[in-house]
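Scrolling down, you'll hit the structures one after another.
What follows is a pair of complexes built around chain A, which joins chain B in one and chain C in the other.
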Partner chain A sequence: MMEALIAFLTVFTQPELLLLVGLGTFAGVYVGAIPGLSVTMAVSILISFTFAWDVYPAISLMIGIYMGGVYGGSRTAILLNIPGAPSAIATALDGYPMAKRGEAGTAIGVTTVMSFLGGFLGIGVLALAAPMVSDFALKFQPRDYMLLAILGILLVGSLSSGSLLKGIFAGALGIAVGAVGRDPLTFTKRFTFDLQIMEGGISFIAVMIGMFGVSEALLQLHHVGQPAIRQKISRIVPSLATVKKHLPLSLQTSSIGVIIGALPGTGGDIAALMAYDHAKRVTKDPEREFGDGAMEGLVAPETANNAAVGGAFIPMMTLGIPGDAVTAIMIGALFIHGLNPGPMLMIDKPDMFWFIVGALVMANIFMLIFGLTGIKLFTKIVEMPRAVLIPLIMLLSIVGAYAVNNSINDVYWMLGFGFFGYFMRHYGYPLGPVILGVILSRLLDENWRRAIISEREDLGRFFEGIVTSPLSLVLFIAVILIFVSQTPLWGWAKARVLGEQKVAPK
Partner chain B sequence: MSTSHSEHHDGSSDATPGGYKNHRRPGELIFGGFLFVASLVLLYSAYGISGFDALSAPGTVPMATTLVMAITALIIVIRTVRLPLVTSERISVDILPGVVVLFGVLLVAYGFLLRPLGFLPTSALFLIIAIKFLTRRSWAYTLVVSLGSLFAIWLIFRIVFTVLMPAGVVPEAEIIQLFRDFARVGAE
Partner chain C sequence: MKHLILGAVSALVLGAGAAIASDYPTKEIQGIIQWGAGGSTDTVMRSVTPHAEKVLGGTVVMQNMTGAVGAIALNHVAGSAADGYTLLMGAENPMLYKIMGLGDKDYGEFEPISILARGTPVLVAGPDAPFDDYAGMMDYIKANPGELRMGATGPGGLPSVITAMINTVEGELDVIAVPYDGDGPALTALQGGAIDVMPAVLGAAIEGIRAGKMKPLAIFDVAPNAKLPDAPIVTSFNAGYETFLPWGPFFGVFTPKGTPADVSAKLGDAYGQAVQNPEFLELMDNRGFTVMGISGDEAQAFLSKWQQGTAWLLHDAGLTKTSPEEFGIARPGE
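For the complex of A and B:
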């Protein structure tokens, strides 16, 4: 116990590590916020910078960037409607309408405090429940991962106020895009059309930058004549009453964040979307409608995605399975330093685990400080005239897409998806499901195949497996329910059961 | 800030996707038709991966997803056909105005020029043309803003993140080395 405490305090007692966590968090906030710069990219570049360093300084810097970046993504989501990271997709839904009303300061303030709260709860759970959660995660079957992926994609469809059909189309398109290239299991070519450049697949970062960067910039060209949004930044630190009011919700959504983060592969993005969905369901008469600048719509995803950071470390540290893309890169970083994350690391080097917990706590505190102080500097970006901002966003998008693989093809893909996304926006197709589909494509595909192989290619046995496993059954019913709840059948069934004459239009 | 007529329907956020519930926008049917045809092409391509080999074959999930795409696209097209056209909108004003076409061309041109010309000259050209066209301010303003912001971006990416953009005609590495030499001489 004493050793754990000393390891936990390592980061607080060594000024060098403290500085690196602070520097990382500061950089993370801005990296997360700049469109086209992703945390994943920053952390992977950092590996090449830091592999000659000791393991503690390297991890300190990465953890800072990670924590700051997950939070920083919300900034551009609120101010420009461009999520700086996938985990901020849901944040844009209500954050941007708030900024449009001139309440960007309030939105950022609440986001910061709630991110801090969520982050803290996530770390707490990581420290306390890591062994327990690892037991639970061990029970997951491949079919459960698959069901979870489908659930995640369907949820975005249900998020949208538009047509569910268009949402499903977008999600399926995303899965197809994610499948392009050589199949990782059998090396078979998929959707390559016999072109060599297609064999490596399509970089999902290119898709993301295109859909959320370039297509938004093109869309903004319609409004270039309008004056830039003037941000009122007087009320940054939210009142205690505001925080208190949303405390119950933030505790719920933090829990969602930790649980989703702790599931292998699913990180802050799904957590944020699920939390948003949850908030939409449990909030009775919000002051404003969801999608029109509801405070609850900010609290939910922002607590959840930062809570998911702590959660994502649980499978990484206990099982050696990354909780999300960033922890996947961190596993690579630990490998470089001769450490092998997994059950044995927890037993052999518990100090590593406790050091990471300490660094996360510190990064979370830095995030709060930088979040509440750097706003004036940051909101200046939106006070720039759109006529200057739009070309700069386009340029940053191109640089960002190019930088991922140093590939000009990624730039063309990015532009292609940018133009495509532009038309999708005009005709009411949601873009979120495309991104989710691309990210989850491989997970879904691999787990489907593992599941069906273990059932000897027998669909009957596959469904028998789902029905007889409580966990799979819960996930399966959730998928069916979300699907049914979006169809006329739901209203019909509700009317039959409750005897209502008229069902309110969705 | 005024919420213009079009802003409600161009889908700036997933919570409020563009389009109208009971009308079809100009070009919407063409787009839907394109998606349906593209889905069919992808479905055929997915079938070509491994056919109906096995449920665990590499082509199974691609076939399932492209089938879902084709079915949903078809239903969307059928529903769109039934809707009346929005009378107040024209494709050249509300969907694809000249400025968007111009920027589309500029972006593609940027992609083509990036390799041969290099990052700095291409970006400078792009920013100068784009900012001059959009702001319609003086050349002095355009040059200061575009070159100033380009320098800032270059500093962040090239120096801080060491992202290597194509150098093209500018001997970037040599210039940086020159500065490093200067700095070393100064330090000594």
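For the complex of A and C:
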């Protein structure tokens, strides 16, 4: 126990490590804020860069970047309506309307404090219950991942303001876009039209940057002459009452974050979207409508995506299995530094586990500090005249799209989806469901096929599997309930059963 | 003015001199890694290259270029100048692109700089599998036809080759092949019970085996492995495997064909020395990889032999899109 404590405190007692975590977090916030510059990329560059270092400093820097980067994505989401990272897509839905009203300071403040809270809960679960959670995560069978993906697709309802039909169309389009390229299981070409550039598929980051960045810039061209909104930044740190009010919700959404983060194959992006949907469902009367700048719409995704960081480390530390793309690279880094990541790591080198927990705690604290300072400077971005801002958004979008794979094709895709997204917005089609579809396309497709192949392509056996496994059954019932609750049938049944004559206006 | 001209002339001479290999490298070398960050190809390349840089006295900037099972990276390097400044860092599977219909280029467009290391395949089962070794698995399949779930990673991957080998030696097995993105996700599924057995490279499974989370059923080699001396070798169950073994995936560094011979030699020497670095040797040993470090004709011969054996094995198992004959790949022994 004593050794665990010493290992945990390593990072706090060595100024060099402290500095590296701080530096990493600072860099992470800015890397995260720029669309296209991803944490995954930054960490993989760091592997080569820190090759000759000792393992502790190298890991400290990576953890800092990871924590800061997940948070940083919210900055541009709030200020410009361009999520800096996929896990900040949901943040833009309510963050940007707040910035449009001149409340960017408040939005960033709440986001920072809530990210900090979510981050801590994730780390707490990692420190106290890692083996338990990883055993649970391992229990997920292909059919459970499939049900999870269906659950995710039902979020289309939450993400489409306005017409549900248009939302469904957008979601279906996203799923089709996600299926383009060589099928990852059999390498058969799908939707490639025998074109070389289609074979590698369409980078979903490029779609995201185009849909949010370029289409936003084009939309802003409509009001190029209008003066920018003045931001009031009187109160950045949210009051204790505000934090208290959202505490129950943030605990729920953090739990969603930890579990989704711990599942191999799903990460902060899906966690944040699911948390947003959860918030929309449980919040009875928000001060403002969701999509119009509801505080809950910021709290939910931001707690969840930072809680997913701790979650992602759970299978990595206990089993050597990555919880997401970043932890996959960190496993490689541990290996290069002469450690053997796997189920034995916790037993052979428990100090490594406690060191990582310590570094995460420190990174989380730094994130709070860097998050709450420098907001004035950041909000200046939105106060810039549009004639400067719009070219800047275009530039960032192009650089970001190119940087994903160093490929000019991604830039073309990005621009194409940008123009397309502009017209979609123009005709009232929501963009969120498109991204949701692209993210979930592979999860759904692969796991449905795995599940049905595992049952010898026998639907009877497949459903038998669902009803006999408690986990699958719970997910299946959740899917049915959520689906039914989104149909008119629900209101009708409710009225019949409860005897209410009036169906609440939606 | 005179000085300027003199300077320009000397700069020109120096510039021309740069093309001579004795000065190589005069600028940064690009290393294109065919697979994603954190994978085995990535970790091998990132851990060996710093040692090679020291010998070369230059910098190798490594970059992951993923997509289309590595074909995007391969095509990129094949299309770049053959000057030794763009290296392809890849694994074995491009040798099967043509016959699998995944692309029209393979390592035939390249010169091997160094074949760094090779892996040993192992057949592992989940901890709850009702059998403990290869023979037990065979009995189980006979008793329960069509019930055993075996992990796969798509055509041309290691599991497909091992499965083809088993089918050739033992006759067609009645099992369910469940496809995964790679051996990492498949081994995760194995531990969660979604699949029962999985052919994988020893390096990916060794930590799971050490922790008792997976059972090694058989090592696919002709001699026991030093890392797992107690695990039985597959030839002890059926001598028929001797025709195909030893076989294994490998990692190598390549340059486009036509690279100046002295540049290739210098690179080959650098990587040849790098693999002998004690740190790298220990790293490879921990993961159960066999270090090779061969270059030049030796590497070429290794590649041809590997391609012949594997291509025809897959073809005879009916897994290929096009016959190896079409691409001039001769049957082994012909």
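The definition used in the following text is that the second predicted complex is superposed on the first by the 489 of 506 C-alpha atoms of A that agree within 3 Å, B and C clash if a C-alpha of one lies under 4 Å from a C-alpha of the other, contacts with A are read in each partner's own complex, and residues count from 1 in each chain.
Throughout what follows, a residue touches a chain if its C-beta (ideal position, glycine included) is under 8 Å from a C-beta of that chain, and two chains touch if they have at least 3 such contacts.
All figures in this text were calculated on a predicted structure; none of them were measured in a lab.
Peer 1: Based on the superposition on chain A, does the combination of chain B and chain C result in a clash or a fit?
Peer 2: Chain B/chain C on chain A - fit side by side.
Peer 1: If you tally the residues of chain A touched by each partner, is the higher count for chain B or for chain C?
Peer 2: So, of the two partners, B touches more residues of chain A.
Peer 1: Counting only touches as set out at the top, which of chain B and chain C does A:N340 meet: first, second, both, neither?
Peer 2: Second partner only, chain C.
Peer 1: Which holds for A:A92: it touches chain B only (first), chain C only (second), both, or neither?
Peer 2: Once the two structures are laid over each other on A, A:A92 reaches chain B alone.
Peer 1: Based on the superposed arrangement, let me know which partner A:R461 touches: chain B (first), chain C (second), both, or neither?
Peer 2: Touch status of A:R461: no partner.
Peer 1: Output check: A:T186 vs chain B and chain C. Expected answer is one of first, second, both, neither. What do you get?
Peer 2: both
Peer 1: Quick check on the superposed pair: does A:A403 touch chain B, chain C, both, or neither? Answer first, second, both or neither.
Peer 2: first
Peer 1: Who does A:R449 touch here: chain B (first), chain C (second), both, or neither?
Peer 2: So A:R449 meets both chain B and chain C here.
Peer 1: Smallest separation in Å between any Cα of chain B and any Cα of chain C in the superposed model?
Peer 2: Minimum over all C-alpha pairs of chain B and chain C: 9 Å.
Peer 1: Which chain A residues are contacted by chain C in one complex and by chain B in the other?
Peer 2: Residues 185-186, 406, 449, 453, which sit in both footprints.
Peer 1: Considering the complex alone, what residue numbers of chain A touch chain C?
Peer 2: So the residues of chain A in touch with chain C come to 40, 43-44, 47-48, 51-52, 138-142, 181-182, 184-187, 199-201, 264-265, 315, 319-322, 328-332, 335-336, 338, 340-345, 347, 405-406, 446, 449-450, 453-454, 456.
Peer 1: Mind listing the chain B positions that touch chain A in their complex?
Peer 2: The contact residues of chain B facing chain A are 1-2, 4, 6-7, 9-20, 25, 27-28, 31-32, 35, 42, 45-46, 49-50, 54-56, 58-62, 65-66, 68-69, 72-73, 75-76, 79, 95, 97, 99-100, 103-104, 107-108, 110-111, 114-115, 119, 123, 126-127, 130-131, 134-135, 145-146, 149-150, 153, 157, 161-166.
Peer 1: Can you name the residues of chain A that touch chain B in the complex?
Peer 2: Spelled out, the residues of chain A in touch with chain B are 42, 45, 81, 89, 92-94, 96-97, 100, 156, 159-163, 165-166, 168-169, 172-173, 175-176, 179, 183, 185-186, 188-191, 193, 214, 216-219, 221-224, 226-227, 229, 290-291, 385-388, 390-392, 394-396, 398-399, 402-403, 406, 408, 411-412, 415, 418-419, 422-432, 441, 444-445, 448-449, 452-453, 457, 459.
Peer 1: In their shared complex, at which residues does chain C touch chain A?
Peer 2: Listed in rising order, the residues are 36-39, 42-43, 46-47, 49-50, 62-69, 71-72, 100, 102, 146, 149, 154-156, 176-181, 184-185, 188-189, 191-195, 206-208, 210-211, 213, 279, 282-283, 286-287.
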